[in-house]
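Below are two complexes that have chain A in common, paired first with chain B and then with chain C.
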Partner chain A sequence: MSEFKVGVLSCSGEECLGGTISRLATRKVLEELKMVETVTLCLPLYLAGGNEERNFAKVFPTISVDGCDKLCAKRSTEKYSGKINGFIDISKIIGAENALNTKIVRNKDLTDEHFQMVDQVAGEIVKMIGSINPDAYSGKAFHGCGCGSD
Partner chain B sequence: MDKKVKVVPCSGIGKVYGLMAREAVLKTVIELCPEKSETVCLAYIVTGDKEVREKIDGFNCITVDGCPKMCASKNVTIAGGVVIEEIKVLDTVKEHKGKKFGSPTMLDADGEVVISEIAGKIAKKINEMSIGT
Partner chain C sequence: MVENFAILPCNGLDKCAGVISREIAIKLCENGKNEIICPVYYRVAETKYNKIAGEHALLVIDGCHNRCASKLAAEKKLKISRKITVTEEAKTHHIELKRNLRLLENEHALIESILNGLNNVDNTIVLTLEETNFVFEFVYETYQSGKFLFRIPKNQEVYFNENDCWAWVIGNRARIGVTDFVQQNLSDILYFTPPGIGAEIDQFGEAGEIESSKSVFELISPVSGKVISINETLIQKPELINENPYELGWVAEIELTDSESDKELLIGFDQYFEIMKKKVEELNG
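Right, the complex of A and B next:
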């Protein structure tokens, strides 16, 4: 079986632009990246869902994409699911001032400049996916059962 | 004490309904009721950090969910928020059969119409609450 899947988890934070960019960049990678199949999960399902959701990072090598330096997606994944293979802090790419902008958060308010930021972050996600050891791809690193044990 | 109503969407990333929840809430807190409401990042709530619990615990909250898993409502409740209204995007979507709302990435024109309707419902609830206090 050859299932090359990588998990990409976005914070999708609602309070600032960084969250919007994390969501859009993650969606862009999910929709456009062809070399490796990517999958995602709604982050709040760690608590609202079941074991299947909480096993996400155990099943898939996972990259978190956070809009600010609180790193909620990274920390929640590590707390509830498992070790991640890489993380992106968008504020380090687009600058904290842009990431923490609370006025422009809605998709309809984004300008070409913001979509360039999305492209830039998506590029970093792809780069990070490329740096994951193929041996970690789905099915190879997962040695546990589906009941949550290692 | 901060009396703003916390309005929290699921922002689900896999389906258009998650984006509709997100955009309806942002329209409410940024455009319709900025003085009476605010949002709190759901991902931050999921961390369980003390700082975010203090923002939610005991406060009136409206949750907006895009699917029956009700992630926003469940996580806000776990954090101690008082969920005074659970809004389900699908309840409004049902009234717009046959329309295309867009994708989980971007809304189409019909999607914008529906999120305006949902935002109107959220704003109505917020305004009713402020009359009652």
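Right, the complex of A and C next:
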């Protein structure tokens, strides 16, 4: 079985719809669309100094998913683990007005339209994963799954 | 009720507990009287959240034992008024959290229980011993055994139990911790698990854990009452207990419920000093 994994870091996006969609789209990729090929890196743990998360991002390809153009996940990942392989700014996909909507942040308040946005973003993440060449990472060792579920 | 709080959840995305921390934070903000702090954005741009944290009491919601939100609060030098850890709450409520990130029946039941617990606690902001201007100055007696030096505070306000824990009692508050005997025996302390803020602790009840590579020590509280503050610094620097378990290494502050009764079952410096010497001799013998 391949040990190749892509790390997906979602922003925490506590204050706007973009953040909620970022989390949901990331989970959709992890739990449904690319279960085998992906792990999530817990961004708060990563920032708090989680060595497993940071080491993973140094060795394996990593994609950040940000809810708005503040790009917290991208900036943080690059700060501690170097260049990332790709980043998604959700506001560019669903529009800044939607992404910065502060009225709707809870999952239970989302409409079908919002879930379509989740699917759209998840699709972009999958495309980005597909563009990464696993051969470029063959033979690289990483001890631990990087999911932080220890 | 939880009102006029700044709420800092860990927002972990890799464990259910992190997802629950976020859900609790969002629910607590639905009344429009609390403010949420995004733990990720806080690290990127702190001005906004420093203001919010400065104007409100702070409730920290950690998902798991990594305690990322607590670490962030310590890093930003924020004073925590209340704190919960979702995995510990799950244990208390006998709810098993699954690896799945989806919030199902069990998870929603836990969220409701935690919210009820938070909303039923009196949220009066409590002052810590430092804020009440007590001078923290111990006078020590020492006992040397081989290369090990044991210091014991002689102050009259410091009481001990035979479980090698101390309580420094001032009025209706006490600061608690472990003695030199504990830290010397444990050797290098690696982890500190504090008691939960707001937790009611019985005299001789458990008040946190300290772990070294050798063993785990459960701190047995010399006093009964409500935990009003913990030594946040120990979460990142548990080695401070080795450095000085009475001053830098204090563990928690307790609002006492019955200090006079508690004192009847505690001992003072003279008695504890003799007990500790005997324990050291037995270990060496």
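Throughout what follows, the second predicted complex is superposed on the first by the 128 of 150 C-alpha atoms of A that agree within 3 Å, B and C clash if a C-alpha of one lies under 4 Å from a C-alpha of the other, contacts with A are read in each partner's own complex, and residues count from 1 in each chain.
Note that in this section a contact is a pair of C-beta atoms (placed from the backbone, for glycine too) under 8 Å apart; a residue touches a chain by one contact, two chains touch by 3 or more.
Fair warning: this is a prediction, and the values are worked out from it, not measured in the lab.
Trainee: Please determine, from the superposition on chain A, whether chain B and chain C clash or fit.
Mentor: clash
Trainee: Which partner does A:His114 reach: the first (chain B), the second (chain C), both, or neither?
Mentor: In the superposition, A:His114 touches no partner, neither chain B nor chain C.
Trainee: Using the touch definition from the top, say if A:Leu24 reaches chain B (first), chain C (second), both or neither.
Mentor: A:Leu24 sits against chain B, while chain C stays out of touch.
Trainee: For A:Lys58, decide between first (touching chain B), second (touching chain C), both and neither.
Mentor: In the superposition, A:Lys58 touches no partner, neither chain B nor chain C.
Trainee: So which bit of chain C gets in the way of chain B here: 115-123, 151-159 or 169-177?
Mentor: 115-123
Trainee: Under the contact rule defined above, give the chain A residues that sit at the interface with chain B and also at the interface with chain C.
Mentor: 10-15, 19, 23, 26-27, 31, 40-45, 47-49, 70, 72-73, 75-76, 105-106
Trainee: If you look only at chain C, which of its residues touch chain A in the complex?
Mentor: 9-15, 18, 22-23, 25-26, 36-41, 43-45, 66, 68-69, 71-72, 99, 101
Trainee: Along chain A, where are the residues that touch chain B in the complex?
Mentor: 10-15, 19, 23-24, 26-28, 31, 40-49, 70, 72-73, 75-76, 79, 103, 105-108
Trainee: Quick check: in the complex, which residue numbers of chain B touch chain A?
Mentor: These residues of chain B touch chain A: 8-14, 18-19, 22-23, 25-27, 30, 39-48, 69-72, 74-75, 78, 104-107, 112.
Trainee: In the complex, go through chain A and note every residue touching chain C.
Mentor: Those residues of chain A that touch chain C are 10-15, 19, 23, 26-27, 31, 40-45, 47-50, 70, 72-73, 75-76, 105-106, 147-149.
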